[in-house]
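Think of it as A, B, C and D in the order they're written, each chain with its own count starting at 1.
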Amino acid sequence: MFQIRTDLALETREKFDEDHIEVKGVRVDEERISPEIMITRVFIDTENGAKAMKKPKGTYITIEASDMMEEDEDYHREVSGQLAKVIETMLPGKKEELKILVVGLGNREVTPDALGPYVVDNMMITRHIIKEYGQYAFGNKATSQISGIVPGVMAQTGMESGEIVRGVIEETKPDIVIVVDALAARSVKRLNRTIQITDTGINPGSGVGNHRHAINKESMGIPVIAIGIPTVVDAATIVSDTMSDLIGAMRESAQLKSVGNGLAGLDEIEKHELARELLSPHLNAMFVTPKDIDEAVKRLSYTISEGLNLAFSRF
Amino acid sequence: MFQIRTDLALETREKFDEDHIEVKGVRVDEERISPEIMITRVFIDTENGAKAMKKPKGTYITIEASDMMEEDEDYHREVSGQLAKVIETMLPGKKEELKILVVGLGNREVTPDALGPYVVDNMMITRHIIKEYGQYAFGNKATSQISGIVPGVMAQTGMESGEIVRGVIEETKPDIVIVVDALAARSVKRLNRTIQITDTGINPGSGVGNHRHAINKESMGIPVIAIGIPTVVDAATIVSDTMSDLIGAMRESAQLKSVGNGLAGLDEIEKHELARELLSPHLNAMFVTPKDIDEAVKRLSYTISEGLNLAFSRF
Amino acid sequence: MFQIRTDLALETREKFDEDHIEVKGVRVDEERISPEIMITRVFIDTENGAKAMKKPKGTYITIEASDMMEEDEDYHREVSGQLAKVIETMLPGKKEELKILVVGLGNREVTPDALGPYVVDNMMITRHIIKEYGQYAFGNKATSQISGIVPGVMAQTGMESGEIVRGVIEETKPDIVIVVDALAARSVKRLNRTIQITDTGINPGSGVGNHRHAINKESMGIPVIAIGIPTVVDAATIVSDTMSDLIGAMRESAQLKSVGNGLAGLDEIEKHELARELLSPHLNAMFVTPKDIDEAVKRLSYTISEGLNLAFSRF
Amino acid sequence: MFQIRTDLALETREKFDEDHIEVKGVRVDEERISPEIMITRVFIDTENGAKAMKKPKGTYITIEASDMMEEDEDYHREVSGQLAKVIETMLPGKKEELKILVVGLGNREVTPDALGPYVVDNMMITRHIIKEYGQYAFGNKATSQISGIVPGVMAQTGMESGEIVRGVIEETKPDIVIVVDALAARSVKRLNRTIQITDTGINPGSGVGNHRHAINKESMGIPVIAIGIPTVVDAATIVSDTMSDLIGAMRESAQLKSVGNGLAGLDEIEKHELARELLSPHLNAMFVTPKDIDEAVKRLSYTISEGLNLAFSRF
């Protein structure tokens, strides 16, 4: 009924299913790894598919790991292993010959937006060591030449993250960029339970802080893989969804059926009128996040960095 | 329609007005300081009033400062001055003879909950200096003997904040405790724009992290003044309010009047049924907060610590 | 020649050996665990021994782990295991029946002094969970009831750490306190390579920040185990040692023998005169620490917390 | 006698005076601002002067502010004002037309090296606002277009700071770079009491972390002003100086005159032999810093950022 935002291709796809809309140019593929881990691949193949999904053409892989909120170390190791496998298939060459720049997007000072910076904090950084001591600095544990940067957010730097990243790429000539960022989901149920990996990079309007510029192959000149975990839901999305749910609930309720149908029968203009009245403009700059987001972000940043370390080293 | 939570006595009071309910045992007094600063005093005088308000008997003073989100230094200084005046009237003796313990409640790692810890970081701590060099260590700028503590949250310490504070009080015998905490409001419009000062301390269920134990005169044995700024709204509150607003909007809309009235006519049991369906259990542990909460919390922590430094020193 | 400071009983003992002084009332016991791990136990048995050593009677166990500056995870796990074994022998009861308070002394804002706070950050805190859900909250992995606190330093709180800890003990009644603190060594070679565990607690003048009050069984009323790693050398110690070394080197040099002997022959008063001239008063409030102290403190805090988690849980 | 390191041209110059060596191509100019503030300008005019001073040709301005360790706000404001005046004379154009990039060098995780990052944290960043709303976004308070970056250190990023800065310059085309960095002094007496401003930028071997690459006009293509405060002394410098002082003291002591003269009479090779024996290799990677470095660095970072904000805005 009202516009919602999600950075997860999976959720956009689900919405179409809910609304019984068929979308052409989008394929979906599901693989259950274990009772608690499910991998879904959404392929947006055509420009029409991209337009419908409001996301660029490319591959969006989602690791749904329902227990990622728990402290279970073995489970997190398993998720890291799955993440490493997904990343490895996307690397444009032999890992031990690659130069990889890992970018931690987001604001270290806002807990749910600190995921990217924390991941870079945890990364095994090797570029300076390999440059000084050669590929064999790490014995026979060959590894990629890894550099990392936390560009900060515009309020702190006065610059777009993309400007800083492009400058660093020009100077240091990596082969590929891995961008890690906290995302916005549509549903609170997905928060901190889902990893999305995509070869389309970061696109305007995505992320907790709503990036304004793209960080993708087109703007950076080299492949960009984006890894994200939803840590927030836009406050406006919660409110919109509540309204939709209320109307839905009323339609299903015997007593209120007529009321709900009446609402559903409003024309589009009236609906928007109603939405404008209810959605406080303050909500646009607000998000919803769990109270234990500090622990979640710390734990998840290790799950991702562990996955990356596995993917980039040949042990 | 559904239960809402607010730590602001002002908002609880307003709700009664909205619902045209008269509450006995509660007095309100308003004082406009300037176009952008308004002070409201809510006095809960009787047990009946306390029961209706779901807050203990005592005085709740609110400084509403609509521009506190702005970076204007002069404005913040003015608010600090008003806060100092309010605090001074509550001190149980001459400021230069008092021993004051300032407690920064909340979780430093969760941005909107870091207000209390940041305020203690900024405080002029004098107890150890006065104990070593005497009252005249600060020349003729007499000052209270100030100590400060950031007890952390239960997930970090395994202890209730109140246990730690009571232990520190027993050991160091202050005359009064000032507790600073981030609060939950009902309305997003109040976030980061309102300071509440109360002589009732901290009570169960209040604060961003929902304290379980009281930190008040009864439990601590000495007067406790609590200072708070709302930095979050409970996610469940947003959803409840949206439902109420939707129903309200429908009742006022010519076309939907009958629908809204129909809804309003549901009996209480049916309403709760509807609410239970809509309110995801995940929402209970979630909050709504602004995206620029990092800057807001830093700025507001200075506004409060500046007010306290003014109130405790005689320059 | 000049007064030196070390928090390591091991180093005080060595000094006597260097100076060919026999000390009564002090026993030493060495156990080589592996080429890179050595455990030394210094027992101060008598008051005379305590006076000579300038440390209280009791047991001082040192784990010297020469490779602790390296990133090798297996090695750190081995050191944690040795630490756990040492701790276990000191616990006053069955681990699953104990209430343990872990205190992280030191200043989180000064890198080499942040060891204690970081260890508490990493601890598995269980007290609140066991109090709410019972001993079996962790399944058959019985664990002690662990609480933790980071009291901060006097400049931040206006209170002695000992005051805060005693208050918390009175309120929460643990059976034993584990205090973790960064220490000062005499020799830069020991920095970040040695763990000292002692049943004498923390005593005045010890630690990076030179604690003024004791945190020991006498002052706290319950057993106190102190765990420390030297992360700094006092700047005055470096200078004193340089002077001693210079004189020693001269005595051994053929050409300068007479010069060195001449110096060594100065009487005590003249020596102190010389020392006073050379030792800038600024040096008293300064310390020496490695440039990569940030990485060392992070890594070592995990080694200690891992050891404690092992010691307190029965897996 | 032994090699010492200092980043302060003032100290290098003084050393020549101490040793009664006249250096050509170096001019010095002193201006006493107040009893507690002194400005010294060292001009290295020729390549010979540069070789002798081991610093590039250019201007080195030192603000010695003996009370900068105190908390006195008025005094810090005065120092900020003097800093602003010095900076203003070095700007290559009208401040309101300039695009300025402020770089905070150093390691945020090592307290005495965090000066640069903290200064950028405190800066008024305006580039993104002016780019969006134009020069008049700040009313008639015209200001430079300011951006800021904290590049991190090589162990964190795998990249030289200079690589990152050059990339950012290429992308965002500032007119001038201001680099802020923590420095190493020779004398502990200067720590946290001296600000050096130079138009020669950052050169290899300078800074707490010993930068390996230059950040100067030559390498960056635009003017680079470096602002630094010494927060550490190299541990090797302390030891060397102690040896020199000991020998000096002995030469002046009646009784030890012959001893000291004997030492001073050693030939260079023997002296180096002695130094090698005494200087533990561990010392090379160590520094000396005050225990209250956390408070000093916080306070000084405000003094610098305040100076920069004054210099870049026309109020």
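Just so it is clear, contacts are C-beta pairs under 8 Å (C-beta built on N, C-alpha and C of every residue); 3 or more make two chains touch, one makes a residue touch a chain.
These numbers come from a predicted model, not from an experiment.
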* **Same vs different contact residues, subunit B with subunit C, by half of numbers used** => same
* Where in B-C, A-D or A-B does the C-D interface recur, with over half of the contact pairs identical by residue number? -> A-B
* Structure fact -> Distance in whole angstrom between the CA centres of subunit B and subunit C is 42
* Structure fact -> Whole-Å distance, C-alpha centre of subunit B to that of subunit D, is 45
* What whole-Å value do you get for the distance between subunit A and subunit B if each is reduced to the mean of its CA atoms? -> 35
* Junction residues of subunit B - those touching two or more other chains -> 155
* Does the chain-touch network form a line, ring, star, complete graph or other? -> ring
* Partner subunit D, residues of subunit C touching it in the complex -> 107, 109-111, 155, 188-189, 191, 208-209, 235, 238-239, 242-243, 245-246, 249-250, 253, 255-256, 258-259, 262-263, 266, 270, 274, 277-278, 280, 282-283, 285-295
* Touching residues (chain side subunit A, partner subunit D) in the complex -> 120-121, 125-129, 145-152, 154-160, 163-164, 166-172
